[in-house]
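Take a look at these structures.
Next come two complexes built around subunit A: one with subunit B, the other with subunit C.
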Partner chain A sequence: MPNMSAIVHPQQRHFNPYAENGGTILAIAGADFTVIAGDTRQSEGYSIQTRYAPKVFRLTDRAVLAVNGFAADGNMFVKKVKQRLEWYKHAHAKDMPLRAIARLIQTMLYAQRFFPYYVYNILGGIEEDGSGAVYSFDPVGSYEREACRAAGAAQSLVQPFLDNQIYFKNQTAAPGRSHPSHLPLPDVLSIVVDSFTSATERHIEVGDGLEIYIVLAKGRSLQGVEGLHGLRELSTQEDGERVFVLQRDLKKD
Partner chain B sequence: MSQIWKYVRVTPSGGRVRGVPARSSTTSISLPGTPDHLSSQSTLILRFVMSIMEHNGGSVVAMAGKNCVAIACDLRLGAGAQTIATNFEKIFPVTDRMYLGLAGLASDVVTLREKFRYLTNMFLIKESRPLEPSTFAHLVSSTLYERRFGPYFCEPVLAGLERTPSGSYKPYIVGTDLIGCLNFAKDFIVTGTASDKLFGVAEGLWEPDLEPEDLFETISQTLMNAVDRDAYSGWGAVVHVITPDKVITRTLKGRMD
Partner chain C sequence: MGMPPTPYTPDPRRSQAWIPFNTRSEQPIVTGTSVLALTYKDGIMLAGDNLASYGSLACSAPRLSVTIPSYTIFGASGNMSDFQYLQHDLDNLIIQEEVTAQDGHQLGPKQIHKYLSQVFYARRSKMDSLWKSVLGGGFKDGKRFLLFVDLLSVTYTVLTLATCYGVYIAQPLLRKAFEGSEVRKIKEDWLHVLFYRDPRSTNQYQITTISAAGPTISPSLKLETEWSFAESIRGYGPQTQ
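Now for the complex of A and B:
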């Protein structure tokens, strides 16, 4: 009989390089503006790591990127996108157009096809024709231009609400009338705030703070943003597209 | 209810062992302490294992209004991804002013419907007094808790009007989990495979003191938009609005896909 204690069994070690950090992001395109928003809570499991970790970032004067999922990957991805946009600016002496940024993000995500950035991206901004645009991505770069999109922990709570309020799904227009294809800015802002207060109420990973980015098309009046409490301008020039950020509190429980 | 993925070990003979700890690949792995015939060349495969609560699909929502309540359900009956029927109502009358919604495993929906019909009739015969929603809620709760360790896979929602000592009626909605833990809400109750979507839309659309017609619109929009984002619910809906003097029942067509 062989000595059983001498037999060494193989042991499996395991390392999970990903985490899920909660939070929710949302973007809605208007006719000549886009609103991109995200809450600021960052959590892991039942613990809150911080009540202020931004998930929405200004890329250029006409592009804003929201990232949700694994925060470390998200921050690294935004850093790399910004770096590529800076290189582009040095090479071409202009900012990259929005649809080109969308394609860049696709190639950058797909480049990591077999060790993906664990991040859902929503890109919002102004297209070269002056229209508001939202592009949403999956973690490996599949993307689509849409009028609105929610992603993250409370996607399942927010997206059907947006279907109803933005796309007017399951609503019939009065006889001889039709639903508007784009809503005015004040309506969009109140839908965004309502979406996040609802998500905060019913989802534990959403809350603390809300950051709303507003991108206005070139030459658009400031109608709808004037007089908003706590509005901050982030754009570098006044005669092009303009970016503003708005901060709101959400419940902290 | 979240969807469940499990690693299932497939042996060369085709038999499989469930509940093997999660691992990251589909390559052959031999585990310590397992019989040779299992560890040699057995493979871990990621499979979608459907939970019992989601097997048949379906959703129910109830809302309170001003002097009225509403309760609504979808009509789909499925077996996993396959749709079996599109006329499966999940809401049943208990009294003239009280309806019970049952979402979950379809066979238990039918069993509980019959069980509660029996228990309601026995109550009326023995007590010869009206059955009030608050009484029936505790009957539901105790009936489910009786099966604490082998539960019915149903999460009931009750909507009714409770008679007050002054003779008027007050809205009463309550939900329970599958072992009968009561949830008294003053706004709305959701359950079923689209519950997370229902929470989101209801939280956005509901407001206090809605009149019957406005409550009908609110609960209908809530249900329709929620089930349109849920593959396991849909195929039309039935809505009941209960007021002190009548019950308005409407069948809705939705996307029907």
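Now for the complex of A and C:
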């Protein structure tokens, strides 16, 4: 019997090509609008790297993409998606429809199946039929269309809250009445802000700033966004879908 | 019509799809410690000491670099050889841009930041990272810009920056003092604190700045330190009582 303790096993210190940069994103679809939001803190471990690193990006006038996870992969992924959308625009002289962007993202993610982008994506915008839509993805491209989704560090805090407030889970309607199938924009905005202020209280990787993107269906009135403090419009056309962004402060501690 | 422009030939080591395991760096060898950076009224200031450590063996080497044509200064902590490789790479890039292209466009700090992040991302994706963090600053067209890239290609821009030990020791002081005006004094204070606490640091340092007037780099400077308080400290060193 050889002395087992004398056998030296080869050891290798492995380089880890991934990091986790915190933060949280969420999106909620309405009947004729979609809201996509993310906080702006970027951290590694207990250190805050920066208080302003955007995680939500306008892709077209009707599509907004939020990315969360490993920041370097996220930035590279958004860059590549934007590139593909530009090529599409040059080839077809129109913006890619939302459902097609969703399928494109799944293909791009699955292409990296064996060295994945360590990124959770949420795509929000307006479908060709004018309805608000949210698509959520896992890092290797599995995706589905939903009414709302939270992802990232505080997913486990925010998603149950959304299940309750958006899907009315564990809520019983008043006798003779039913739950609305879609909430109006002001209600959705206050749910988004409340989700992030609460996540900021309870999760150390969430905070600093909040960026809320609002996409409105073609021809929808500005009801619900008019008069919002600090609203900025990002859309390129006035007669199509319209994109707005709102910035809010979150606690910095 | 003159000669057609020579195409930029990338470093063959970088363009190689597969790199054998035995040539990848699994860990940094000769390392530099903290570099500090901040934004001030007129531009960006960077500071770092002049020490390269091979474990506990010390040698002197500059860790700050000034790339004049692209309005950018940068400093690095981590593997020193990767820093020198990067200096070389940026020099080549700038020669390519300034001499070969001659298209009237100049790379600015933002372009250098993007370029660095792409180089770092490509290397980490080959599991052959440039084992270091770079922070740099630039001043072009009246705008200040402070940049950060690390071995995983995690990038960001922010008003105050530090690497290594500096993240824990200097960055909090820095964020606190940031509203103040005596920038150089602040820098020297951090370098003091870092030198007292970080065994892989030295009291010789350099400061580089970039502003509308262009980049400057100081000669090697020396921190005056006071060690008499160490006499009364017990329990950490080789004292017998």
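Just so it is clear, the second predicted complex is superposed on the first by the 241 of 253 C-alpha atoms of A that agree within 3 Å, B and C clash if a C-alpha of one lies under 4 Å from a C-alpha of the other, contacts with A are read in each partner's own complex, and residues count from 1 in each chain.
The working rule: contacts are C-beta pairs under 8 Å (C-beta built on N, C-alpha and C of every residue); 3 or more make two chains touch, one makes a residue touch a chain.
Being a predicted model, the structure only gives us computed values, none of them experimental.
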Inset, instruction - Name the contact category of A:R177: first (subunit B only), second (subunit C only), both, or neither. - result: neither
Inset, instruction - Return first, second, both or neither, reflecting whether A:S156 touches subunit B, subunit C, both chains, or no partner chain. - result: first
Inset, instruction - Return first, second, both or neither, reflecting whether A:H92 touches subunit B, subunit C, both chains, or no partner chain. - result: neither
Inset, instruction - Go through the superposed model and pick first if A:T50 touches only subunit B, second if only subunit C, both, or neither. - result: second
Legend entry - First, second, both or neither for A:D194, with subunit B first and subunit C second: first
Legend entry - Which of subunit B and subunit C A:A19 touches, first, second, both or neither: second
Legend entry - Partner chain in contact with A:H229 - subunit B first, subunit C second, else both or neither: neither
Inset, instruction - Residue by residue on subunit A, keep only those touching subunit B in one complex and subunit C in the other, then list them. - result: 12, 14
Inset, instruction - Mind listing the subunit B positions that touch subunit A in their complex? - result: 23-24, 29-33, 196-197, 199-201, 203-205, 220-221, 224-226, 228-229, 254
Legend entry - For the subunit A and subunit B complex, residues of the former touching the latter: 9-12, 14, 154, 156-161, 163-165, 169-171, 194-195, 198-199, 201-202
Inset, instruction - Over in the complex, which subunit C residues touch subunit A? Could you list them? - result: 24, 26-27, 117, 120-121, 124-125, 127, 129, 148, 152-158, 167-168, 171
Inset, instruction - Sort out for me which residues of subunit A touch subunit C in the complex. - result: 12-15, 17-19, 21, 42, 44, 47, 49-53, 70-72, 75-76, 115
